[in-house]
Amino acid sequence: MKYTDHKTVEELKIAYVGGGSQGWAWGLMSDLAESGDLSGEVALYDINYEAAKTNETIGNRYNELPGCKSKWNYYATKTLEEALTGADFVVISIQPGTFDEMAVDVHTPEKYGIYQSVGDTTGPGGIMRALRTIPQMEVIAKGIEKCCPKAWVINYTNPMALCVKALYDTFPGIRAFGCCHEVFGSKNLFASALKDIRGIEGIERDEIKINVVGVNHFTWINEASWHGEDLMPVYRQFAEKYKDTGFEGVEEVNWMNSAFANNRRVKFDLLLRFGSVAAAGDRHLAEFCPKNWYLGSEKQANSWGFGLTTVDWRKDRQAKRNVAGQKKASGEAEVTIKPSGEEGVLQMRALLGLCELVTNVNIPNVGQIPNLPLGTVVETNAVFRDGRLEPMMAGPIPTEIDALVRRIANAQLMVAEAGKERNLDKAFAAFINDPLMDLPVPEARKLFDEMVEGTKEYLQEYFK
Amino acid sequence: MKYTDHKTVEELKIAYVGGGSQGWAWGLMSDLAESGDLSGEVALYDINYEAAKTNETIGNRYNELPGCKSKWNYYATKTLEEALTGADFVVISIQPGTFDEMAVDVHTPEKYGIYQSVGDTTGPGGIMRALRTIPQMEVIAKGIEKCCPKAWVINYTNPMALCVKALYDTFPGIRAFGCCHEVFGSKNLFASALKDIRGIEGIERDEIKINVVGVNHFTWINEASWHGEDLMPVYRQFAEKYKDTGFEGVEEVNWMNSAFANNRRVKFDLLLRFGSVAAAGDRHLAEFCPKNWYLGSEKQANSWGFGLTTVDWRKDRQAKRNVAGQKKASGEAEVTIKPSGEEGVLQMRALLGLCELVTNVNIPNVGQIPNLPLGTVVETNAVFRDGRLEPMMAGPIPTEIDALVRRIANAQLMVAEAGKERNLDKAFAAFINDPLMDLPVPEARKLFDEMVEGTKEYLQEYFK
Amino acid sequence: MKYTDHKTVEELKIAYVGGGSQGWAWGLMSDLAESGDLSGEVALYDINYEAAKTNETIGNRYNELPGCKSKWNYYATKTLEEALTGADFVVISIQPGTFDEMAVDVHTPEKYGIYQSVGDTTGPGGIMRALRTIPQMEVIAKGIEKCCPKAWVINYTNPMALCVKALYDTFPGIRAFGCCHEVFGSKNLFASALKDIRGIEGIERDEIKINVVGVNHFTWINEASWHGEDLMPVYRQFAEKYKDTGFEGVEEVNWMNSAFANNRRVKFDLLLRFGSVAAAGDRHLAEFCPKNWYLGSEKQANSWGFGLTTVDWRKDRQAKRNVAGQKKASGEAEVTIKPSGEEGVLQMRALLGLCELVTNVNIPNVGQIPNLPLGTVVETNAVFRDGRLEPMMAGPIPTEIDALVRRIANAQLMVAEAGKERNLDKAFAAFINDPLMDLPVPEARKLFDEMVEGTKEYLQEYFK
Amino acid sequence: MKYTDHKTVEELKIAYVGGGSQGWAWGLMSDLAESGDLSGEVALYDINYEAAKTNETIGNRYNELPGCKSKWNYYATKTLEEALTGADFVVISIQPGTFDEMAVDVHTPEKYGIYQSVGDTTGPGGIMRALRTIPQMEVIAKGIEKCCPKAWVINYTNPMALCVKALYDTFPGIRAFGCCHEVFGSKNLFASALKDIRGIEGIERDEIKINVVGVNHFTWINEASWHGEDLMPVYRQFAEKYKDTGFEGVEEVNWMNSAFANNRRVKFDLLLRFGSVAAAGDRHLAEFCPKNWYLGSEKQANSWGFGLTTVDWRKDRQAKRNVAGQKKASGEAEVTIKPSGEEGVLQMRALLGLCELVTNVNIPNVGQIPNLPLGTVVETNAVFRDGRLEPMMAGPIPTEIDALVRRIANAQLMVAEAGKERNLDKAFAAFINDPLMDLPVPEARKLFDEMVEGTKEYLQEYFK
């Protein structure tokens, strides 16, 4: 890494762990091509080396595009160490296990009457996924400690909070944070409310200022303003107006969300119940609430305006992306530069001192949420500036939602410990405590054991 | 109050607010008659003066019993001030409203599919009852501040936590605490477990040492020992053994509980889920859990081994007690001295320096439970000794049950504020947040409004 | 206040309380003239109406300067209310009492062997000054609550922490913060260290990123970086190099400091003792330390490279400024636009959404320093952005300096309470606890009484 | 260990580490001989095996005394493990190093103008002593973990707080606590005040109820009562009356204190300054305060009514005790049963369930003092009862003394870390931060190095 006249940085090295991934990787390539003040290399490491190789080819094609402001040397590596050595930034975007394991996560509980709309963050599925992921995160954290201890580490993998926690638990000196675009959508929704209720048009999402408190995918906005005007009353009117019909609104900027549409009725219902704005998509939110609120059955979910994303759908989407990737790599399909809507490159620029940025981020609680335990990975605003990532005080979780969020935060602590100790009984203590879980204890254990059995190829560490 | 040679106290004045009550009052009379080192007067104040007069007569009959070790002058007063002036102890045991209001508390929600087994502590009924009680507690606290600011104040009224909180919120210097016998039963249950599992007989409840954390009626025991031996594994075996059949055991010592039998299956289920012993009766415990765990329907409750106490049953019991009272007063029926199983008189003796006592008590949190908000009224062990009531460190609520308890603690804070401000909208915020509440918001509001309407005679303060 | 196309704000109203002041007022006038995206009016209120009138004339002269980018209408008001009504910003810069009272603050303790280098923040003099100021701040806060409750309030008056605390104690909803330029100088010193030790030239103070923890004038920097490089080792080398000779460095930008030169030997000594950088000038720092470290005598102070600022010197300076003011007003002397080095106008622009700013500020502790009591007014970094002032997590006071800072924070709480209750005995409890105080208790009381007597014209409220 | 009918315990094993010691060991022998409900064996381990052997002989002589109610088998062991194996209680009373090392602790600083009246707890001497002791405590804690993990461990060694901390840091599951008789004396003083000021005679120390907050030897009483009457005003009058002359009072019960007389003028002065009662002897208290308050010189100490205990005096006393020990062992001198005034045996009986006890004790802070860091070893009241040692809430350190105590608590944390890591530079950070330390940094380092050099035989671990 080399500064040129304080205004540009050259010879940057980015290590991409999970470098064969598609959505996130291609978005990053596009954003990097547009970042005129950065350049360097991107090392792509993936357990699927071929996938990384394909991305190497795709990435390097960006350099030839007419609109490319910044050239990057993409290359696949055969080892994690090779990718990490000397890295200035590490991006982590991995898949823990295959979609077959995810099918167990999501669909086995359905046999027991437990439905999940996503299944990658919380609920039975999220817990199982965490158990698979934690040992992998430990390997990555140890690699970082050894090869690039000062690197900034951006995680996109779910379950977000538990991934970030595992990184810090393994290497406490790590400079890691987790990014998630769910909150951005809520800013857009405030802009929609301003337009719908007050007739004010043309507000950009970044003009809306919010305070963020919570844990990833169960993040809440308890203050929002625009030019100093309190937007909470506006939003309440908006929620009242659309609580029965839902609000479809304009398409989100982020293409990744388009398949996951919802009409915000869960979000509106939560607002009217508790007075704060739940900031993630409804499919995520429903999973954190007691089962019979929104997810008592598929029908109930549909009646609230959202569907259950099946793993078959995901498999199908991936097959299509594999084809698309091959075509991009071979030149049969175009690669194009367009903003991904993600903030990863902006965060890098801020951490390099090329701009300042206030945005929401997932890091361990050092007091920014005083009424959650220290060490819980929380999502709040933080300041990114030259060489520093500093959390802002978010203040306490509001009383009305405190117990809801705390239940999730406590589950996080229990699962983290279970993972660290490779202790399935401890994992079951979290499992039985999940808001979606209303089975009698013996039934719950049966489900748990069935899920462990179904994913045990990736749980070998727990049986040593 | 006058000390005689450090060993006995004479001329003590006890003010009994709700002095026309039956169960509690008669138990106290019996215990006072047996307390050889105390004597003095008991002023009985009640909004029902006749009831207090009846108790005056009954109380004074104890002095003539052969076994009476200690004579007390009982007299009814026409004003609260008269009763309080110069009191060394104040006992509060009142009924907020009549059983007609309680019928609204308990049975109106049933029309909406919400069942309550008690309805006086939490749930829709407990919240309504609190709204009626808080203004009354404020009057009593102001009276104490004026007439006997140094008196020790023992509250028996439910909802316990909110009553004690209202006393402290009104007069922060008050020396009040709330007593509840529910935890004693759990000590007996540990003794039963020792006998059943380990064959050890003859253990008295006071030989079992426990740590108590929680809020009244949702109190938990996370440590228990006997002669230094950890009893938690014994209890777990006991719970496994009886989790399906329940455990009837010997009759409790406390006669007041006899009508409220349960077979501890809820308590055992909670242990197996969460690892701590819930210390109240199952009828209370079920009300603090998400609705569909134990109270989804009357049938579900019954299947867990407990019934829903109806207000008709209470009315009937009271009618019988009225007759019994008349007979006791007229001499047609005997009054007898037998230990009530309550600790009120023991606590008085300890506070006067005649003994030392460690027992569970309800007082504001000053840190004895570090992970509940300061000022929440919590139930933990405390030391009673000469002139001092000092909470012991209970430690944090265990992670597994933390969110369950916190939800109740937060509701307490919300209802306390609603009551203090006479603000029904704030009360609704707690109402919608209750674990038993699974109605859609508009339905919930309809129920709330109906309950307010049905009890509005005692909610006048909220409509000024 | 009116936004024009999001980029400029017109019709802004600034109320200046203490609007007859000189240094601060003239600096603000110059900065406002340069702020091209703001315009409006400045209402000047002062108990010395004539002084405000003079500033009215001076202020309006700026509009005629060739370099003036922004025109402002200055006018004196006869009442506080008139100035405050409708204000968007309130600036508070008052003198509590006259220099005669300050002479008592600073010089009476010298008769008892207690020396103060400033005497306006801590020590016997700071405490007395606070007692005079608190009632005045209460008047101002009540005025703001009544006339402009949403206004942003910038305080420059000392004692800073106690002034800000009095504002919040009186009107908890106030949007006030205190600004102080002392920390800026320390950023410059880091730049000097980079140049001196590492040979890197041309670093601007804003390129240095720091973490700030403490209370005003006893603020500490425990992290500093430049482009991600840790500057603490560099600074330590710098301190070792100059610990005996001191470091004079280039003149500060801020003209107001020029009379108060020091050679940083106290700052270097504190670093070598405790490992953190004390961020204020040495004259301030010495007053917070145990008496015999730096202020055992005037000679000891001088041996550490700083002098005791006498009140005669201040009187003399004021006389000169009065003359300068008259000349400016009459046109005999020029008014000129040059940056004051203060951040007031920048903060206003950020709060209006015209830029974002991270800087140090004095506000009540809501957890940004977790090991100081909540409600203490602390100095830490905060984010200023559109309609929001949000503290950043500063983290705990480092162990080595924790007790030193806490002593000051506790004194703040004691003096605040004494002031609020107009209770001189409580003030004495803080007085006897001051680090500079080593008198026997009766002697200390004699000094205290003498100081009260000498300033009692401004302590009338305490004798009612 | 074997219970006989719940009322007596036989076959108890007590391990005495430092079993060749004199004062403490002989007191324990006498108290055990009087404890009718306990019997068993006492294993004496000492690095000086001969001394343990002598005590074996002395101990066994007690069994033959006419007043002996309880027989104990005393025997010296050659290894620590042998003593610890199977122990129910462990008593630790060791001397870290010899009196030659203590001479360095106490007298080397005098060459630099720093005087210490005791030198075993705080100040330069206390820090050095801690550095020697911590590695020894680690060895003992590991032995306990291995040989008797459930044993109750009573520590009498100084520096108390750091010894207890080292035990817990090494073996977190240890059931250790530290006992100190200093607070008892303060209870006697309250009784004296009641007599002197109010004319009430015959009050026993145990009738006085107090609240205790602080760290060992710098413990404070902020509440005291007798039969519910607040004794603080009485004590204040008492302090005013004797602040200049001092109060000699009757001889303490505890014979061990008799050589260390003081007239409480420091204690009275601290009360008048800060409003709380410092509970240790003046010689200890003075060492925790800024140097020039009481210990600026030997003369100043004397003027406050206390002397500096020299190590020559200690050597002389030990020589006499050695002779006395030989005579006791040989039968030339008598052994006699008289209460030691210590509470060790009473605590054992309470922990065995034979009584209940509330007394002050040194254990890690789990929240009993909410405004000191968790993990600091603090001194507060606790309940000793059957198999449990439970701290009572002591509440926050009062604001007036908060910073004084915190400075000591922070030093404890720093020295503990330095000891654990065998890091002399970290120890110096505590050294320079000590209240008695007013040397310039280079001078302080010179003193530190000289003290390390002088005691290095016992600091070998720090040079590996």
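Order as written gives the chain letters A, B, C and D; numbering starts at 1 within each chain.
Everything below uses one rule, namely that contacts are C-beta pairs under 8 Å (C-beta built on N, C-alpha and C of every residue); 3 or more make two chains touch, one makes a residue touch a chain.
Keep in mind that this is a model prediction, so the values were computed, not measured.
The chains touching subunit B as well as subunit D do not exist; no chain touches both.
For subunit D, the chain with the farthest CA centroid is A. Each chain gets one centre point, the mean of its Cα atoms, and the points for subunit A and subunit C are 43 Å apart. Each chain gets a centre from the mean of its Cα atoms; for subunit A and subunit D, those two points are 54 Å apart.
A straight line joining the Cα centres of subunit C and subunit D is 47 Å long.
Among the residues of subunit A, none is found touching two or more other chains.
Subunit B makes touch with subunit D in their complex at residues 3, 6, 150, 207, 209, 211, 225-229, 351-353, 356, 358, 366-368, 370, 381, 383, 385-388, 390-393, 395. Subunit B meets subunit A in the complex at residues 269, 272-275, 290-293, 371, 373, 399-400, 402-404, 406-407, 410, 413-414, 429, 432-433, 438, 440-441.
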